[in-house]
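Both complexes shown next keep subunit A, but they swap its partner, so subunit B is in the first and subunit C is in the second.
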Partner chain A sequence: MEQFFAVLFGGIAQAAVYSIIAVGLSLVYGTARTLNFAYGGLYTTGAYISWVLTVGYLGLPLWLAVLLLIPILFFIGVAIERFMLRPLRRGKNWKVTAMMVTLGLAFVLDNANLILFGAVAKPMPAFIDGTVSIFGVAVSAYRLAVLIIALLIVAALELFLNRTRFGWAVRAVAQDIQGARQVGIDVNRIFSFTFGLSVVLTGCAGLLLSPIFLISPQGGWEPFLKAFVIVVLGGLGSTRGAVAAAFFLGLVEAAVVYELGASWTMPVWLVTLLLVLMIRPQGLLGRGQTEAAG
Partner chain B sequence: MLSVRHIDVFYDDLHILHGVSLEVGKGELVGVVGANGHGKSTLLKAVCGLVPVAAGDIVYAGESIRGKPVSHLVARGLVYVAEDRRLFPDMTVRENLLLGAYLDRGRRLEQDSLKRVFDLYPRLAEREAQLARTLSGGEAQMLALGRGLMSAPVLLAIDEPSLGLAPKLVDTMLETIAELKRAGTTILLVEQSLGLIDGIVDRVYRLEEGIIVDETVFASAVKPAAHVKG
Partner chain C sequence: MTETHATMTSASGATKSPARGSDLIYWSVAAALAVAGMLITDSYVQHVLILCFLWCMVAAAWDLTLGYAGIFNYAQIALFAAGAYATAMLTLKLGVPPLAAITAATAITALLGLAIALPCLRLQGEYVALFTFSVHLAMPPLIQLAKGWGTGGTMGLLGVPPIKIFGVTLGPMNKIGWYYLALAAAAVSVYVIYFIVLRSRTGRAFVALRDSANFARSLGINEFKYRLLAFTLSALITGFAGALYAHYTSVVTPKILGNEFILLAIVMLAIGGIGRFPGAVLGAFVVTILNELLRDAGTYRLLILGILVVLTLLLLPQGLASLKDRLLRPSGKRKTRNTGE
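Now for the complex of A and B:
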């Protein structure tokens, strides 16, 4: 029983991080109508940058590394949107073109990381050691910290989206691009911002999970695939749906790991996705996609 | 106030507007009528910066605004109200209205404007906390116009406000528009038939196949001098 709780807790902590990754993917899909295939590569890149800033080369303390990491990631995201995707938006079928460009970027990032850091996975020390006891069950202190940080990030995002004027503008763009333009919202600025924010989210998730999974050049594909399943399951473009789906799948994952072993995770996730979509094609909290013309 | 000079507009390869010109003087209520698909909405969207203009010029309050971003135009009080409303469906009535005051111009007057909209449409005040997607057609049209008013417009460009409304609601809507005009807002109003709006407009342009074919001045019109100085 104790082991089951440990697995369950691990599942919840990971689910919290997956929800951050998924919310970022969902935000960009919702506002800029772009499915970002480079998202996993950016997750890995975030982990490698953290590694370089801390144990790898510079030896900075964690707080300083995070302080540097966030603006670097944000800038990368803004640059991708501004220089790679925005010019495409004028053309016909730009959604498909943009998707292909992000797929290309994913391969470039993977291989750049491979050349720079080599194929051997980099270990990242946990920033907090030891265990804490919850209801008499010993759980890793680091996983608890990850869970708390991830929940704080999700809460901060919810506050931002629902309580600030700029957050409203982001939601407005997601709901009706022309309506957003009519009230004077600079839609391109929102696209850049959400792209930057999403890269910060995925990169920080890369940092949070690196002590658990190690950092390797292809390591971002699994979180990307999982984030994709979460986003589809939660309902495309729905932030709360993504969080709900992440926790749902996190619990499923915990049960699967406990009963069948970790290698069954992905098959069970995908079967769960298929089952849910058969009953609710719009996802758990989705409303069905309204196609808003630019 | 507004001077549209020989503009050409295309959608992809389709030539929609052919050298269209029109004038709107300060404080006027000017109509544009014509059948569906003849370019009325395109004309309004071109004026408001929502579709690109291929040739000609648009001068608003002494400034050439062709190619300027919509946010710049809204910041100067040129506000568009869409025929298909373009509300934010998963946001509340209140959030929709406050987003109308997104730019500094609207924000400065936010509380006053909100009071004005709620006085004009008590229905919206009652439904303040409801999601926009749950509104009836008439209420949605009120919210669309209300959101436009929240931007503190100098010139309000309204696209077929009667679309999808019951006849009784159409009358109320047009009466509201006439009232806005009396309160000092300049209005460019697009409708399908002249019969709907001939009681409230000062002048009407008729648009056929992307060309202005006719201009009618009504007796109640303000003096022509007012619309020369733009």
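Now for the complex of A and C:
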């Protein structure tokens, strides 16, 4: 029973991080209508950059590394949107080309990481060791810290989207691009910004999870897929929905790992995705506007 | 069913369906390749061309769903692997004769395609992409878990038996035999896709649904039925290619589902151009040969291929197939590339 609670808690802590990834994914999908296949690759890249900044080469303290990491990731995201996606957006059939270009980028990132850092997974030390006792159950202090940090990030995002003018603009674009443009919102700027923000979110998630999963070149596909299931289940553009869905799926995963073993994780997520899509076939949105957007 | 020919004129847009006279050109090219088969003696060149032919089938079948029917299908390599695994397991575990196994594997893959398409084609575009790609991602662990059923796990299946037709044994060493078999299979598959299906009423329905789903529906085109048909047909041809590949290489491993194959297929469509005959077929040739030339680049090969995808899509969004149009009317370049705002 003790062990089950430890697994359960691990699932919850990971789920909180997945919800950060999911919020980033849904921001970009919601505003720019782009499914970014490179999102997992960017997660891994974020983890590698933080590894290089800290234990890998530069030996910077973690707080300084995070301060450097955020602008680097933001810049990467803005650059991808500006130079890779924006030129495609006006072309015919742009959704397919945009998807292909991000899939191409995903393979570029995977292989560049493989060449730069090798196939052997890199360990990342946790910034807190030891265990904390909650209701008499010993849980890893690092996982507890990760849970708290992830929840704080989601709360900050929620505040940003609901309480600031810029956040309103992001939500306006997500609801209706044409309408947003008419009231004077610079839509391209919002696209760039959300793309940058999403890369920051996924990269930071990579940093948070790397002490738990290690960093490997192809390790980003699983979080990417999980984030999408969360987005589908939680509802697009809803940060609270994403958190709820992430926790639900995190518990499912914990139960699966406990009962069946870790190799069942991917098949079970696939089945979950299938079920979710069956229950909500028009996707989270159900607004049937894709035709107009395309 | 009340769809009309008006659908085509109004909605086919950028799609160039092959002109009537091009039948002759198509079969001339196929015949020229058949003649070339007699002249080529280098077994490595033969090998590369056999791979080109098999990849043509995969690229053309993918073009049918992704390019013409507008279905965001990313399970293409998963279906290819399904065809390869089906025939390998049937011959090795059940002792089915190769020709029967290939037929069965083709049918099984078509059914699998149907099974994938049934739940996901009711979804909106991007969800189809995600669902099909997650099928791809889930396959290697599933193969590992189903080891007990004879999938061979991570080791894969070795010694898939050679095909025997008319007393000729097509082993991996019989390059000439394989050259003609692969050429025939590719020529017929590509012909069926581009010249029969896509020229028919069914093919026009695919394109109409892609370009303007609401309008096509309003003309009475059954969206679900046609998309299901496109997906299943594409899976059938892909499974056939996968089964042939398994017998040609005599080895089936989960490596098929690794980075390389899906990346190659994407590069083919990106370079060739989707939804424009002969883009995908041309892409299959260019990329297969390029991939062989890059063998020496080692680990950098996949990186180079990835960069190639990104650059082609940015610089030549419609692929090689659009080059012809561009060269013919250099003044009309507005349509092909937009330099942003």
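Miscellaneous remarks
The rule we apply is simple: the second predicted complex is superposed on the first by the 274 of 294 C-alpha atoms of A that agree within 3 Å, B and C clash if a C-alpha of one lies under 4 Å from a C-alpha of the other, contacts with A are read in each partner's own complex, and residues count from 1 in each chain.
Everything that follows uses one rule, which is that contacts are C-beta pairs under 8 Å (C-beta built on N, C-alpha and C of every residue); 3 or more make two chains touch, one makes a residue touch a chain.
Computed from a predicted model, the values in this text were never measured in an experiment.
Of the two partners subunit B and subunit C, more residues of subunit A are touched by C. Of the two partner chains, subunit C is the only one touched by A:225; subunit B is not.
When the two structures are aligned on the shared chain, A:175 is found in touch with subunit B, with no touch to subunit C. Of the two partner chains, neither subunit B nor subunit C is touched by A:207. When the two complexes are overlaid on their common chain A, residue A:110 makes contact with subunit C while staying clear of subunit B.
By the touch criterion defined above, A:165 reaches subunit B but does not reach subunit C. Of the two partner chains placed by superposition, only subunit B is touched by A:183; subunit C is not. Common to the subunit B-facing and subunit C-facing surfaces of subunit A are residues 290. The part of subunit A that touches subunit C in the complex is made up of residues 29, 35, 37, 83-84, 86-88, 90-93, 95-97, 99-101, 103-108, 110-112, 114-115, 188, 218, 221-222, 225, 228, 232, 263-267, 269-270, 273-274, 277-278, 281-283, 285, 290-291, 294.
Touching subunit B in their complex are the following residues of subunit A: 165, 168-169, 171-172, 175-176, 178-186, 287, 290. Considering their complex, residues 48, 50, 69-71, 74-75, 79-82, 85-91, 95, 98-100, 102-103, 106, 147-148, 151 of subunit B touch subunit A.
On the side of subunit C, the complex with subunit A involves touching residues 13-14, 66-67, 70, 72, 74, 119-120, 122-127, 129-131, 133-135, 137-138, 141-142, 144-145, 210, 212-214, 259, 263, 266-267, 269-270, 274-275, 299-300, 302-303, 305-310, 313-314, 317-318, 337-341.
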